[in-house]
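Letters A, B, C and D name the chains as they come in the text, with residue numbers starting at 1 for each one.
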Amino acid sequence: MDLSLTPEQEAFGATVRAWLKTNIPREWKPMGSSEIPRAEQYELLRRWQHALFDAGFIGLTWPKEYGGRGLTFMEELILQQEMALAKAPPILNVLGVGMAGPTIVAWGTEEQKKRYPAKILSCEEIWCQGYSEPNAGSDLASLQTRAVKDGEYWVINGQKVWTSFAHVSEYMMLLARTDPNVPKHKGITYFLLDMKLPGVTVKPLRQITGEAEFNEVFFDNVRVHESQVLGGVNNGWAVGLTTLMYERLTLGFGLQVRLRIALEGLIDLARRMEKSGRVVTKDPVMRQKLAQLWIDTECLKYTGARAITKLLRGEMPGPEASTGKMAWVDTHQRLQELAMEIEGPYSQLWKGSEWAVEGGVWPQSFLRSRANSIEGGTTEIQKNIIAERLLGLPKD
Amino acid sequence: MDFGFSPEQEMLRATARKFLENECTSGFVRARMEEPAGVTDEFWAKLAEQGWLGLVYPEEHGGSGLGFVDLTVLMEEMGRVVMPGPFFSTVLLGGLAIREAGSPAQQKEWLARIAAGRARTTLAWTEPSARWDAAGVTCAAREDKGGFVLNGTKLFVLDAHLADALVVVARTGEGKTPEEGVSLFLVPKGTRGVEVKLLPTMDQTRKLCEVSFKDAPVPADALMGVKGRGWPALERVVERATVALCAEMCGGAQRVLDMTTDYAKIRVAFGKPIGTYQGVKHKAADMLVDVENAKSLTYYAAWAVDENAPEAALAASMAKAYVTDAYRKVAGAGIQLHGGIGFTWEHDLHLYFKRAKSSEFTFGDATYHRERVAQLINL
Amino acid sequence: MDLSLTPEQEAFGATVRAWLKTNIPREWKPMGSSEIPRAEQYELLRRWQHALFDAGFIGLTWPKEYGGRGLTFMEELILQQEMALAKAPPILNVLGVGMAGPTIVAWGTEEQKKRYPAKILSCEEIWCQGYSEPNAGSDLASLQTRAVKDGEYWVINGQKVWTSFAHVSEYMMLLARTDPNVPKHKGITYFLLDMKLPGVTVKPLRQITGEAEFNEVFFDNVRVHESQVLGGVNNGWAVGLTTLMYERLTLGFGLQVRLRIALEGLIDLARRMEKSGRVVTKDPVMRQKLAQLWIDTECLKYTGARAITKLLRGEMPGPEASTGKMAWVDTHQRLQELAMEIEGPYSQLWKGSEWAVEGGVWPQSFLRSRANSIEGGTTEIQKNIIAERLLGLPKD
Amino acid sequence: MDFGFSPEQEMLRATARKFLENECTSGFVRARMEEPAGVTDEFWAKLAEQGWLGLVYPEEHGGSGLGFVDLTVLMEEMGRVVMPGPFFSTVLLGGLAIREAGSPAQQKEWLARIAAGRARTTLAWTEPSARWDAAGVTCAAREDKGGFVLNGTKLFVLDAHLADALVVVARTGEGKTPEEGVSLFLVPKGTRGVEVKLLPTMDQTRKLCEVSFKDAPVPADALMGVKGRGWPALERVVERATVALCAEMCGGAQRVLDMTTDYAKIRVAFGKPIGTYQGVKHKAADMLVDVENAKSLTYYAAWAVDENAPEAALAASMAKAYVTDAYRKVAGAGIQLHGGIGFTWEHDLHLYFKRAKSSEFTFGDATYHRERVAQLINL
């Protein structure tokens, strides 16, 4: 057991650090909370990701022939940590890099693998994820969007929801039902869908923060060529699952470090704010809460290190990989609640109030954090999965 | 002992339920959220017509002379529809302060007008320090030419932009304790040197303002009660307003529970209504316990303030501590059990979630009130 | 809404108070925690209950003709409060008074009603409850103890478990299966079982406190006369449910007041103990926890008052009656956990240690409190019941 | 970076698992609970034979020279069977104190004997004040005739009744801080004026004693290290022992989770295994998260103390705070999910539940360590 790095890894970290020092855009303002790309930042983030790509600091674990670096998860982890410490901007094409790319690399034809991954990394083509539907929330496999074969084309009709980035995406990872006459998991196909095809309509979905980070996407007789099927007809459930597993792991690294940034922001906040005339960090009750968040945040790092160690050893990730999301959600939501508690009445002041603390960023990230326990599988579903897959408890 | 509502109170509830379901729909609330006023003159007139603006004021001042238990019923119903507008600030803050601390002339001048829907008031108490104790009162009232001159900044003032008069908490002097030297002033709209600025808020159904005083002159008869002895009256007002707020929160929490159980009965996942799953059932049961306990403590506090019982302050703090946590938990669980739909702007859940949050930090959060409970039971 | 008492009720309270002042046995030592009768106190408690009976301070709501007083729940509540304030000993025949008596009054033949209730109140005959079985925990109705008709007698074979007081009881409320060929709720009969009948064997069951408060009871061809059936053959489920409802309400009064006593004991403890050289009640973190317990304990009182009001008005108790047990369990278990936290390392010293605080009573009551969320229906089952019966959520 | 166990460590785990399953059965544990010794000579000899008593001592003193990560593996396995007896007190408290603070002669005299199973030791630190800080050390060591005389009372001393020598924390003087003036003494069994009294405990697998000193004379060479400078060494010992305790707790928690999931698969209610119900599933998932997180922090702390990393003290406090809560919650949930059977003496769950509780209050509870974390991160 050893948490220290090899000289080569140290050197890689130093290279990243040095590069970040001079390349983080001046216009970028870290906001002291877990950050989700916001519409007004898209252009800046697009340039930022392209710069990362040019420098070779993205897609580290992807094969070289498809635009990656062919490195290990260790370098990925080091990169993520350095980015976090430097409070670097997030990646804009997060679903492309975290999900679409690895899935295409895993399941794609040689042609697909040559066509898509590199442009995902460079942010030339942004991807969104077409999984969720209004009537299939937690029960993803009950999706109803239909694809019917017509010559060389599939004709798609239906609706997706909660589609982040749909309005700026070039492509969508689309799950559609191609055989309604078999059990629900078996009749689903995974399509690489061009968002500019006729019949695709994107409608922003306003959320409780007042912003429209998500969208509804409607398909009205959208004709997709059969070459855009990924991993074979009616094999979409298996293809989609790969992505989900991969998503949890790589997003996991990033989540922990961004949580750490948020926590440092919170502690700064606590040092500045007062309750009943006493600085918040000097209040014994608040110290307990802050310390617990510190412990929980650090814990995610070591749980992550255990999971990566298994990956690096070529073993299957164990329970520690799957519990990470639940622990992250719980910690992040508590962190955001505590920010509200620290701000007290100030938490009520929205951006635009000149009295709002830090421009009102915390109330907004607090509201956004409520979705953490819903998006990417509700906490309830996560617990079912953990109980059934990891603990072997019987299915209902 | 009879710890339930009277037939008259149940009738008030039924009337209020029906009125608000018709008049204060989700569409009405959302329209008001987008506007500075947060209320329409028409709606306000109807509240007056129902007799609710003067519910707890004496009949001699145009009120109905009812008590806080009656008011509890009404507040629950208002919370149930996250009613926007200056009811709370006018009736429970400004008006109640006038009732508690105002001279007979001030009461005569203002209470009947409030009850009739012809005047709106509020309380300008907290300052940028966001303190709830007397030490937080630093806004200065200096005696000058037979009157006073106000200087300082008040923050988080509910609906000040709508108020025809502000009850201003200011310091006229220093004493042995921070409580000494706190005075209340009745400051009408348009007073020179008073600036009101509306601030954007997370809970758009509650409008908060900054009120700044720059050498604002007020006459001697603006003083409410005895100079430097305003704190006890303020405490009584806040105690009562806190109980009313708790009742409003109970109503909101109950509504979230109702919406959530309704949804759990019809939303299907994995071939069954989600309410079939213990994961949902157990959370819903926890919500019910929170809501029922919240009500028990609120009703008790309402009774205690009505009776001027010695434990009224304790009862109010117990209620605020519990109800704050309960509403926050219930509103959060409501969103969680609704899944994605509960996170949309379109669904009403966020109105409750945000109201729960704004109420949490009004008159002190749960931690603050637990510490107060600890003091009041002599720990 | 009015929490105050009528002059008559005040007078009744004064009478009780005066009587308690002179009649609580001198040997009785209140122990500062929610009290369960302990074996070594049985004789004292038997005399105590008989004294209560002679004074007319038990069975207040029972009909006069069966030994009761024919009063309302209001007097019962006042009585319970006065007993709590006086730190009076608990009632020994708690299951007889709380469950058996009311059920017999509700369902019994005139003969049964003349025979049993009065002796329950006087503590001449102690009752135990034969519901739980080893393979039917939460799923009570799946009980397997069999009763087979043989002439005028029923022949009982089977086993019960978790039977408090079985070793000192004269009678048992026994649920046994009399028809195995109908759905499980429909073939159960309620018997009034004489514990001295041949074939009844009581075996103490040691629990995690080291004491044997509960028993296993075995039935080996026990012959019970048919006159001992209560409420009709195969009607036992309905009869048993009455008892459970009644139990929850009346035990509820007592539970709240005993919780209040325990809380006062806990606060005394906190005033005496120190943490890191500071008196526990002066520690801001502990003050939060103590205040929360105070609030939760008081809350139970008002929730109870709401339930009683409905009863007194002749209405069905609403949700507030059913949520009481869950809230009580949660509050009491937290109270006991807090006692351990306050004692710190002292919580490890068991009775017999001369350094043990208050003779080691808290660690023992802490351990005992773990059963609260299991006995009388687990918390999980309570939540199912609340969700289904009160909120109308669908059954599985 | 490699944050997993080595093949050798995995082998140690397999060996320990097999050995303890055979030698430290539930029957063995229960028999030891009933006796004052809490261990048999035979069992102790076998631990020595396995090389575990000297695992973390240098080879020159008969140990294996392994580190705390290796020890973590062993402690997890010992916790898994709630192993009774003076392993913890001898190896992690007395022995480690001798290793950290003892003179070369003291180390030579004692460590090899401990490793060989021929001597048992413990640490007499806490007093009736139950404080974990230096201010809690009031037991007096007065210089007298070239040696020292001890007076005072130590409480909650693990296994003192079995110890061949006590490491006694006593005050030889006052300084600017409470830490100054604290000294350590190595006091062999049979020293005049030393009285050891075994106290009945809730967790019968852990034997606690009162040790009182009445003018107990100890020679000058009983002093360990520099007079009045013993506190830093004691802190190091306690930091390491805390990490070892956390590992033991992790092992216990994992075993409770295993028992509970096994039971949930076979226990039937309402016609289905209870593990089918979300009420059980979700609790079990929470338990798993607690257990895995507890391990992550413990492994990190073990690595940090092995490396003498500057953050070792922080890592130890983070681990103790988290693991304490985790083991308590997991053991409680284990009983709850077992229902009635989990509340019986016969079932082993209570052994874990009680060990979780005794461990909670050893070296400070979660609240204490969270405050320490707050200090160490400069809040």
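The criterion applied here is as follows: contacts are C-beta pairs under 8 Å (C-beta built on N, C-alpha and C of every residue); 3 or more make two chains touch, one makes a residue touch a chain.
Quantities reported herein were computed from a predicted structural model and do not represent experimental measurements.
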Contact-richer chain pair (by C-beta pairs counted) among A-D and A-B: A-D
Distance-maximising chain from chain C - centres being C-alpha averages: A
Cα-centroid distance, chain A relative to chain B, in whole angstrom: 40
Geometric centre distance via CA averages, chain D-chain B, whole Å: 53
Two or more partner chains touched - positions in chain C: 284-285, 288, 380, 383-384, 396
Sites on chain D at which at least two other chains make contact: 277-282, 367
Residue ranges of chain C in contact with chain A within the complex: 283-285, 288
Contact set on chain A toward chain D in their complex: 1-5, 9, 74, 77, 267, 270, 281, 284, 287-288, 290-292, 294-296, 298-299, 302-303, 305-306, 308-310, 312-313, 319-320, 323, 326-327, 380, 382-384, 386-388, 390-396
Complex interface listing, chain D residues touching chain C: 126, 128-133, 135-136, 155-156, 199-203, 206, 208, 210, 268-270, 277, 279-280, 332, 335-336, 339-346, 349-350, 353-354, 357-358, 360-362, 365, 367-368
Footprint of chain C on chain B - complex, ascending: 1-6, 9, 69, 257, 261, 264-265, 272-273, 275-276, 278, 280-282, 284-286, 288-289, 292-293, 295-297, 299-300, 302-303, 307, 318, 321-322, 367, 370-371, 373-374, 377, 379
Contact set on chain C toward chain D in their complex: 132, 134-135, 137-139, 142, 161-162, 205-208, 210, 274-277, 285, 340-341, 344-356, 360, 363, 367, 370-371, 373-375, 378-380, 383-384, 396
